[in-house]
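Both of the next two complexes hold subunit A, though its partner changes from subunit B to subunit C.
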Partner chain A sequence: MKQFDRANVILGIGFAAAAVVIALVWVPMDSETGLFEKVRRQVTIGDALAPSVAAGFLFLAGLMIVVFEPAERARSLTAGNLRYLSKLLLIVFVSFALMRWFGPVLVAVFTDGSYRLLRDAVPWKYAGFVTGGAFLVTGLIGLVEGRITMRGVVIGLGSAIVFIIIYDLPFDDLLLPPNGDV
Partner chain B sequence: MIKTLKTAIAAIGLTAFAATAQANDWTPPGPIKLMIAFAAGGGADTQARLIADDLESKLGWQFIPEQVTGKGGMNLAMAIKDQPNDGTVIGLLATETLGYALHAANVNVTPADYTAITTTAGFQMGIVSLSAKGWKSFHDVIEGAKGEALRFGVMSPKLADLAYLLGKANDVEFNIVSVKGGKAVLNGLNAGDIDLGFIAGLQTKGVEAGDLVNLASALSEPLKQTPDAPMLADLGVPYNADGYFLIIGPKGIPAEARDALANAIGEVITTEGTKSNGMITKAFGGPAVIAGDAAQALIEDAYSSAGELMKVASE
Partner chain C sequence: MGWIDHVWLGILAVFQGPELFNIVGLSIPVTIVMILAGFLAGIAVGATPGLAGPMAMAISLPILISIFGFNDDALLPVMGFLLGVMTGATVGGAVPAILFNTPGTPDAYMTTLDGYPMTMRGESRKALRIAHFSSASGDTFSDIVLILCAPFLALLVERYLDLPEKTALLILSLAVIASVIDGSPGKGLLSLGLGLLAAYVGTGEDFYPRLSMGTQVLAQGIPIAAVVLGVLIVGEVFRSLEEILNESRDSGTIKTIEQRGDQKLHRSDIRKLIPYIARSAVIGTVVGALPGIGSTLAATMGYGSGRASHIRKGKKPPFGEGAPEGIAATEAANSSVSGANLIPVLSLGIPGNAAAVFLILAADTIGGFNPGPSVFRLTAETVNPELVIAFGIFAMMMIANALNWTIGGIFMRSMGFMSRVPKHILLPIVLLLTLTSIYVQETRMAALWLTIGFGILGYLMRRLGISPLPLVIAFILGAKLEEAARQAFASTGGDAWFLFTSPIAATFMAIAVLVVVISLRKSNGSAQ
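== the complex of A and B ==
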């Protein structure tokens, strides 16, 4: 099997690159003020300061992983590792997509209304949370066990339902994902 | 200018009243998201949630309250601007947000990007200190400030400007301390971290009990609780911190929906016996309803007059 013997180099460079993207692309796009803000004679901490400092630490940590990890202690990276990681990311991605879009698709198919107006109405409000949540838990169990079982499906569905019982039923004003953002 | 504005507001208010019958036909097409620009559990938040509660019981409308706090209401202002404008997304903030804060933020957004629905209550904004300080009125503060720089708690950049101008007009220097909200000013006073500060209603109980004193009214009119306290104009500052809690929506809410919301909210907060009326009366001295076009005129005026204060305070 193909493998790369210095996984720390990939990991470190990956983190350092992510830090650069965060500091130079994400932070400027997502914050309204600079590192410091001068409001009416007073200098205050700007929106961008905390995430920029965090990106700085991330960059340093990335470099430390590359430079200070002794070669003999470094782990290797195999094609199997990457396959596992891809599956994990795929499960998370599909789960989130189901959670966000399954409800709106159901509403579009079965009603003339918009999902936003039905986001607090049964059964629509549970559609995305149950399918997405169950897929996530079942998928992760399946990934670890290497197979999809009925037991995994039941646990997945059951955990989504338990979350609904804990976080939705007792509270009138709380919305489960994705309903607060639609 | 203020008198003309008030007459105009009254005239527009009457016109808006005529639209009431039509507005009564409107019902929200779904749950209403109620964004709240104030921290959960505070007076403003409680007010918003009780209004929602009253409307739910009275009309069967459904509200989903959501905290969108930060930056003196600007986070809410920026978030609500692009939400659907069918009357299903509204927000509670202070008029100052769409006046001074929006002006200062310089984000290419103006009050025209919002639909003002109605005010709910006015601020009883006073300059407050502990009674233990021994000051009876702001004039005593000026005497006290000649010996040392007093620490003056403020909760917004506009109030910082007013505090600065107060010092300048009276030839004293204040050490202006910015904190988050009237509760923080009150805590600061109690802890001895600040000497005096602006508080917009939270001081009522303490003043009643004799622990706090309203040294001055920061409004263009006397405080209801302490009518003898001098106003900013008496202290050489021709600006004020007049302000209201205001319910807004994104730009372009149909007049029918806007008026129905305004009427419904106005009715519950002015009806004796409702939860919101009880709370607003206790905490803010009673409801103050300025709705529709009159409310829009209020925020547009607050926005345009903010520029002048900023200029003067920068000198």
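== the complex of A and C ==
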């Protein structure tokens, strides 16, 4: 008798269950038209049909994984994977927060104006990108090396500055983070 | 206007396009310079382990669009650069494989098996010459097949396929992509379903953007760059960083081996290699023309077939111990994929691999060119601008090919130092570069969060053994599939069985089911 692998069963059942929720709850509640619509006595395909078919594929895929996927090919996430992912996301989160808020905070502390008015002025417009970008690169190098080094900091700052030279200096119409949001 | 007129206009569009500069009165068109720049960048990227052609294509696209804008003149220089990268990266991948036993791209793995032993014997330059010659030969062959086949296939599609058949053909392509990638139809279908679902968020025909949960972020739809770059690039960066973290890294010193003996590639050598190159070029071209089957499989098949022939002939040294034929079989196969995988792109509008995804993305962003069968439509009196661009693309591929034959080898052999750039430093820089390039396109932090979200999805999929490529291709084809189905449904008067009433559509659907069933049986068989 065929042995079902636990990892395949969890993955397959998980996606099959998610597909049922998507098809029966999310799609009907979040689409204005149904699977089919009658417009001026003509039947047309509604907005709910395509995502329902996608959910159907997910359901079928879930069942195929449970029933047919060989146990030798089963893969599962380890606690180590999740630990690494959470550290990585923390670095990304802090980096994005710096990118978004460091410039506006700096402007609020050192000037009387608003960041929106200064978002095209040096050095304010680069403050968030340089600090956030450098933090991202330095943090990830540090994550792999197990410590933050001066070399990592220099590489982080250097790469952020190089990207400013590539993207911002030659083009007037390109905006670096976060200048399109503010 | 006939075919010949369009071919000539396509060539002129490349050679008489906007001038970049002139040397002693000779005009140098910008498109030619962009092909050269892309080709050299591609070799450098391919020679750097951890980077790949699609990464360079993804990062350079927004910069190129900023330089050239969204006008008609932008398409050929931008596409020229991307095609150059595509050609160069395949050649460059052999450099670290041969010199340091580290494949620069996954499809160069088989090159390490014979390339590195040749380096250990002191014949690294000869091995690089063999790799370059085989790669350029494979590339030339597949470009010729592309130029001959794509228009013919597109004409067949236009002549014989109506809306229901085109819908069925899209379903068949998606079924093939989901089934054959990584040999797990269940996981392929899962990836495909996720891609379709993402494609339908924030879209639809009704005033209310479906599946947007009432949020402004989702109401705008998920940006294509966030999905493609998130899953393909960011996910790969996350996975690779963890791999490096988990490896107990060695001291990193590279042993120097004295290079001695004959490093030249003689005619007698070429004569011995030709049968292996020819066989692999055909294998690579056939594999490349089928959507969803990548160059890694082509390289494996080319190597396997070459080895079988080598054993039959009883030649020495055997494959895996530094046989020049092993390098030739692998490199000819993986290089011949790159031209052939534009056959489904240009004739059907269906991308078969990651590089083709970025070419479609470029065409989509700039506008003025919609890859698909309508490109090859001839009109009696007027010029079809899309057909001119298609022939311009063919001309650019031949130019990239000519560059490969002339300067490719020299540049490739000078790129050995790129293999020594530490991956754990390079990958965070690539991540920042990717995020920056997405922001300059979308100008909202929400796009970066979505990219990170899809990056995590890409990472998780890789960890669970699910290929992310069907997701990306389904995302790109999702809107097209729905549109085709809506039109087919309307044109058949609301017939719910429109996919099964015409013999051709029904055949496509039957083949789609058959492909999935055969792949399931094969997947179970190979596991037992």
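Keep in mind that, in the parts below, the second predicted complex is superposed on the first by the 112 of 182 C-alpha atoms of A that agree within 3 Å, B and C clash if a C-alpha of one lies under 4 Å from a C-alpha of the other, contacts with A are read in each partner's own complex, and residues count from 1 in each chain.
Throughout what follows, a contact is a pair of C-beta atoms (placed from the backbone, for glycine too) under 8 Å apart; a residue touches a chain by one contact, two chains touch by 3 or more.
Every value quoted in this text rests on a predicted model; they were computed, and no experiment measured them.
On the A-aligned overlay, A:G128 touches which partner chain: subunit B = first, subunit C = second, or both, or neither?
In the superposition, A:G128 touches no partner, neither subunit B nor subunit C.
Could you say whether A:G180 touches subunit B, subunit C, both of them, or neither, answering first, second, both or neither?
A:G180: touches subunit B and subunit C.
For the three-chain arrangement built by superposition, which of subunit B and subunit C touches the greater number of subunit A residues?
So, of the two partners, C touches more residues of subunit A.
Just subunit B (first), just subunit C (second), both, or neither: which does A:R100 touch?
second
Could you tell me if A:E32 is touching subunit B, subunit C, both of them or neither one (first, second, both, neither)?
Both partners.
Where on subunit A do the contacts with subunit B and the contacts with subunit C coincide?
32, 42, 44, 173, 175, 180
Given the complex with subunit B, which residues does subunit A contribute to the contact?
Counting only subunit A, the residues touching subunit B are 32, 39-42, 44, 114, 116-120, 173, 175, 180.
Give every residue of subunit A touching subunit C within the complex, in rising order.
Against subunit C, the touching part of subunit A is residues 11-12, 15, 19, 22, 26-27, 30-33, 42-45, 47-48, 50-51, 53-58, 60-62, 64-65, 68-77, 80-81, 84-85, 88-89, 92, 96, 99-100, 129, 133, 136-137, 139-141, 143-145, 155-156, 159-160, 163, 166-167, 170-171, 173-181.
Under the touch definition given earlier, write down the residues of subunit C that touch subunit A in their complex.
Residues 62-63, 66-67, 184-190, 192-194, 196-197, 200, 204-208, 210-213, 238, 241-242, 244-246, 424-425, 427-429, 431-433, 435-437, 439-440, 442-445, 448-449, 452, 456, 459-460, 463-465, 478, 481-482, 485-486, 489-490, 494, 520, 523-524, 526-528 of subunit C touch subunit A in their complex.
Where on subunit B does subunit A make contact in their complex?
Interface residues on subunit B, with respect to subunit A: 29-31, 62-66, 78, 84, 88, 104-105, 107, 157, 160-161, 164, 176, 178, 310, 313-314.
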